[in-house]
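Take a look at these structures.
You will see chain A twice below: alongside chain B first, and alongside chain C after that.
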Partner chain A sequence: MNDSQSSDGSASAREATETACWSCDGTVDVRALFCHTCGKIQPCRPTDHFTRLGLKPQFELDPDELERQYIGFQRRFHPDRFATAPATEKTHSLQHATALNEAYAVLGSSQSRALHLLEVHNPELKNDASTTIDDPELLILVMEMREALASAETAGQIAEVIDAATEAIEECQSGLTKAFAADELDLAQSLAARLSYLDKISDEARLKARSHLN
Partner chain B sequence: MTLLDIHEPGETPVPHARDDVAVGIDLGTTNSLVAYSSQTSPEVLRSGRDGASLVPSVVAYLDDARPLVGVDARNQLLENPDRVVSSIKRLMGRGAGDLKTLAGTLPYQIAEDPDGGDGANKSDRMVRLKVAGRTLTPVEISATILDHLRERAEQALGKVVTRAVVTVPAYFDDAARTATRDAARIAGLEVLRLVNEPTAAALAYGLDKKAEGTYAVYDLGGGTFDISILRMHMGVFQVVATGGDAALGGDDFDHVIAEKFLAERKLKHGAESLSSEEVKLALATARLAKECLTDQDSGEWHVEVGGVTTQHVLSQSELEAAIAPLVERTMEICRATLADADVTAKDLAGVVLVGGSTRVPLVRSQVAALFQCEPLSDINPEEVVALGAALQAEALTQGSDMLLLDVTPLSLGIETMGGLIEKVVPRNTAIPVARGQEFTTYQDGQTAMAIHVVQGEREMVDQNRSLARFELTGIPPMVAGAARILVTYSVDADGLLTVSAREETTGTEQEVSVKPSYGIDEDELATMLRDSMVHAREDMTERLLVEARVEAERALLALDSALAVDGDLLEKKERDNIETGVAVVRQAMQGDDRDPINEAVEALDEAVHHFAEQRMDRGIRDALTGVTVDQLDENMKEPT
Partner chain C sequence: MAYNERVVDHYENPRNVGSLDKSDEGVGTGLVGAPACGDVMKLQIQVSPDGIIEDAKFKTFGCGSAIASSSLVTEWVKGKTLDEAIEIKNTHIAEHLALPPVKIHCSVLAEDAIKAAVADYRAKHVGVSGDANAEHAETVDAAE
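Here is the complex of A and B:
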């Protein structure tokens, strides 16, 4: 749901840059998280997940920095900070904390981060394309990996599938970094679709490895 | 009180007795505790009578008197087994279908469903118990235990307690969590936060023992099992994954032992049918056997059914063989949860033991083997959860830098065509969380849509717990598949769910928002709250008496220390007057009426008035002795 809101959000952000604080009626920047007059928490406004966590909208991401930003924001906004606050502040805090969790989850996986970044670049874009494969090379790769996984019987054979998937995923990720840096969004989109399939196979292989262990 | 208004320089004024405080409560299956923390040093509040920290989670209903709770209630088990209820936590938010029998008999008397509910709904409705002629819900019985804990805290702290952090098993579903919160409301407690038990335990280790790194918390209580994997770093407690079984605990060990004893009887005496009282006693005997075999190799116990007593010998190795499958089940859950967290035992900095059932030697050795390290139990496994809850209560009310990030224990889903489940919020998602899913109509002109909210990991609806059913109406008639209905699941920081649904295409803002119920509707809850208000008035009288006594005691202490320092200021007559006043206060404190106490304290206050003035003069004189004018301003600024 945040996805659809983010496009509206960037549009309205262009229209108005200031608004009135719900508590003291003082002027606050629409991007302000706390009122600079009365210090009260401001409502959670729609924005993209990168902005939410104070990160640059780029594909490359240092996991430690993501963690730091997430924890830093949660320390200020988590409902535990507002346990004894009036209801309005509690509601705002809950919405902020929910949005921060969503942003952390989306940016934490390279696949959903790529899709989100495509959306930030092109808010009209709907990522339905990933439901069908129109890339013949990807089609063959996916089919081969599936067959290998289906016929894998020993732990070693399953591990081979996992390794192959991991290698393809890493290749895909570095491709995405380059594509986004060069602003080649069509390429980025097809790589993101590729990554979705590879992630799925990798998950299935890990699941099989786990049930094999038990 | 005049004397209290004078403080020696640098001395902190005694906090006012009417400040209300927030406590941490561990509402357990077998035992409950209440703890309080100030300046991050938590302490379990003990019984004023015997100093015990554990309150057995047992309630006894004797005639018209107020129900007994704790040891007193448990002592009624032999004489009045039909009036005693224990292990009520296992029934929180549960239906009759979830109950566990012993030899076909339940250790409870179940009240018939007055609505006669059909088979499918019957198990959804929370069970009602018949105890000593009353019909009670598990929520009310739990409220009685919580009320007792609140009273204990008020007596120990001499302050009014209105707010609490209450812990729940991490694996508690939405119904059981809501039921727990409502029980606290009935007991006159505002729940600041519901905290998962293993998370609370981790908090105590993190803040007290300064534990850092990734830890596993293995929590085996009386009725529930939880395993949580947490990352603890610089005051941040981040739950990575959690797993468990809300119906597996030490009680189940008791069941296995009791079944073993009954099977032995059957060989000698043939088939017997047991009353629910006999079941309670057999389970109590089994529990005793289990506890003895913690540090004893073997023992002999007696079981009585239908007036015939039999003897049963049980050794530690026989006990271990009997409970091994149950312990193994917890190990399976641990392995699955480690995999969910994407860690192995080698990645962990340690494993923490929580819950009374971790005293069982087999449990300890299995945990050590699985996690390849000696498990930690530096903080008493039976107290650690309450201590963590108290720390959280302090953090929430006094402010803190600590951050607790928890997850949903079970997946939340929605029923789709053919009884399948579509997961909306997968398990181990960080909370608070809000996730939406779009659905559409499957018939032309369809104007309503039934929404069935379920919780659990299985693929089919009937294998999971049903949380709520509701209908979104007022969908504008359209061809099948044209409507876009957005169903949103929101889970707050207490782990409680709210579901809303909205038709989006036409802009028709038809929105339904439900909080899942667990078989007690708002009307019933309102009645319970009203009833509790009546009791609350009685309780209030008692509370005011306690407060009056505490105030009086404090005044006497202040007077004692004032006399010790400045007693030489007094003339004999004045001293006699004060001593008489003290005697009157002491006598009034023996009584059960608060007015004479307050009057006596006031009279004493009058009697010491002159003395207090003299002390003040001397205090000022002393303060000024040898002080230069420059220093004077400094001295005057001292808070006194």
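Here is the complex of A and C:
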């Protein structure tokens, strides 16, 4: 199942599809993880996090499937398996393991998964992450929630902020599922920005709730 | 990472924290945010009839650099005309506070906030009937 890696990576379609194995010089598919002639581990090549974990590039994700795919790949690439291998293979395994960890972390959070999926659809988008936004409805909502959190004094008041944030986050997530499914990327982008804000408020509210307990 | 003492000073003793009445005709409100860090910044200016910024307030939920940048800008804009205020560049803010490269976007946010506040004030005064306002709107148009 783990070799289902070779999904329809349309981005790589234009690039060379075959290369030479670093070890035996035999022809090997650029997406291959191990050489099919000599069986040696291949270098870790740049790809998106979905492809890396053999998952469909979509927003909806079953956490169990993410877990299974991650463990499945990690089992084959973990540096422990290459402890006695030559240096080149050790390096490749370490790079694969690192890339798998990153993919797992990015896809595990709905906010970073949404941003990454936007990047997959539009690679230019990457540099826009810190752009100032001017979306009055969202900013007023954020300001109000922030003020409510800042003035919350009792555990109950903090819990109210957490509940409001959680509800807004869930709404955002189902909106993102629909937006990506309908290929409405502008909508998905504004929802992803919204989710970033809500996640942050939720984190800080939980932090305040914890310090309130102590 | 060690922050410049000016950042720490503005962060620990922020100037001009608070709100102005945003429905007041003489008040311009700028509300901006940077989704990458989840910061939100509100900057308000109180403008006199002859176009001088008499007072400025801010409220920022974000990191120390974002708070320091907005605090600094409220100090800088007081006494300035609207045109002078929008000349404030993020590079001036970043330089004054010696912000590290990863925090440059905080100064960009402060620049965008003052521009948004001025734009909001001007929008309130464009197309409003009444001689004083009409005259003001004309000078604004001429300036742009």
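Simple rule for what comes next: the second predicted complex is superposed on the first by the 196 of 214 C-alpha atoms of A that agree within 3 Å, B and C clash if a C-alpha of one lies under 4 Å from a C-alpha of the other, contacts with A are read in each partner's own complex, and residues count from 1 in each chain.
The criterion applied here is as follows: a residue touches a chain if its C-beta (ideal position, glycine included) is under 8 Å from a C-beta of that chain, and two chains touch if they have at least 3 such contacts.
Nothing here was measured: the structure is a model prediction, and the numbers come from that model.
In the superposed pair of complexes, A:Ile71 makes contact with chain B only, with no contact to chain C. Using the contact criterion defined above for the overlaid structures, shared-chain residue A:Leu94 touches chain B, although it does not reach chain C. In the superposition on chain A, A:Ser196 contacts chain C only, with no contact to chain B.
By the touch criterion defined above, A:Asp80 lies against chain B but remains apart from chain C after alignment on the C-alpha atoms of chain A.
More residues of chain A are in touch with C than with the other of chain B and chain C.
Contacts of A:Glu102 after superposition on the shared chain: chain B is touched, whereas chain C is not. Of the two partner chains placed around the shared chain by superposition, neither chain B nor chain C is touched by A:Ser151. Chain A residues in contact with chain B (one complex) as well as with chain C (other complex) do not exist. Across the complex, chain A meets chain C through its residues 129-136, 138-140, 142-143, 146-147, 150, 192-193, 196-197, 199-201. Residue ranges of chain C in contact with chain A, taken from their complex: 31-38, 40, 42, 59, 61, 105, 108-109, 112, 116. If you check the complex, the residues on chain A that touch chain B are 1, 71, 74-75, 78-80, 83-84, 94, 97-98, 101-102, 104-105, 210, 214.
Every residue of chain B that touches chain A in the complex is listed here, in rising order: 192-193, 236, 332, 335, 339, 392, 395-397, 401, 403-405, 429-436, 486, 488, 490, 492-493.
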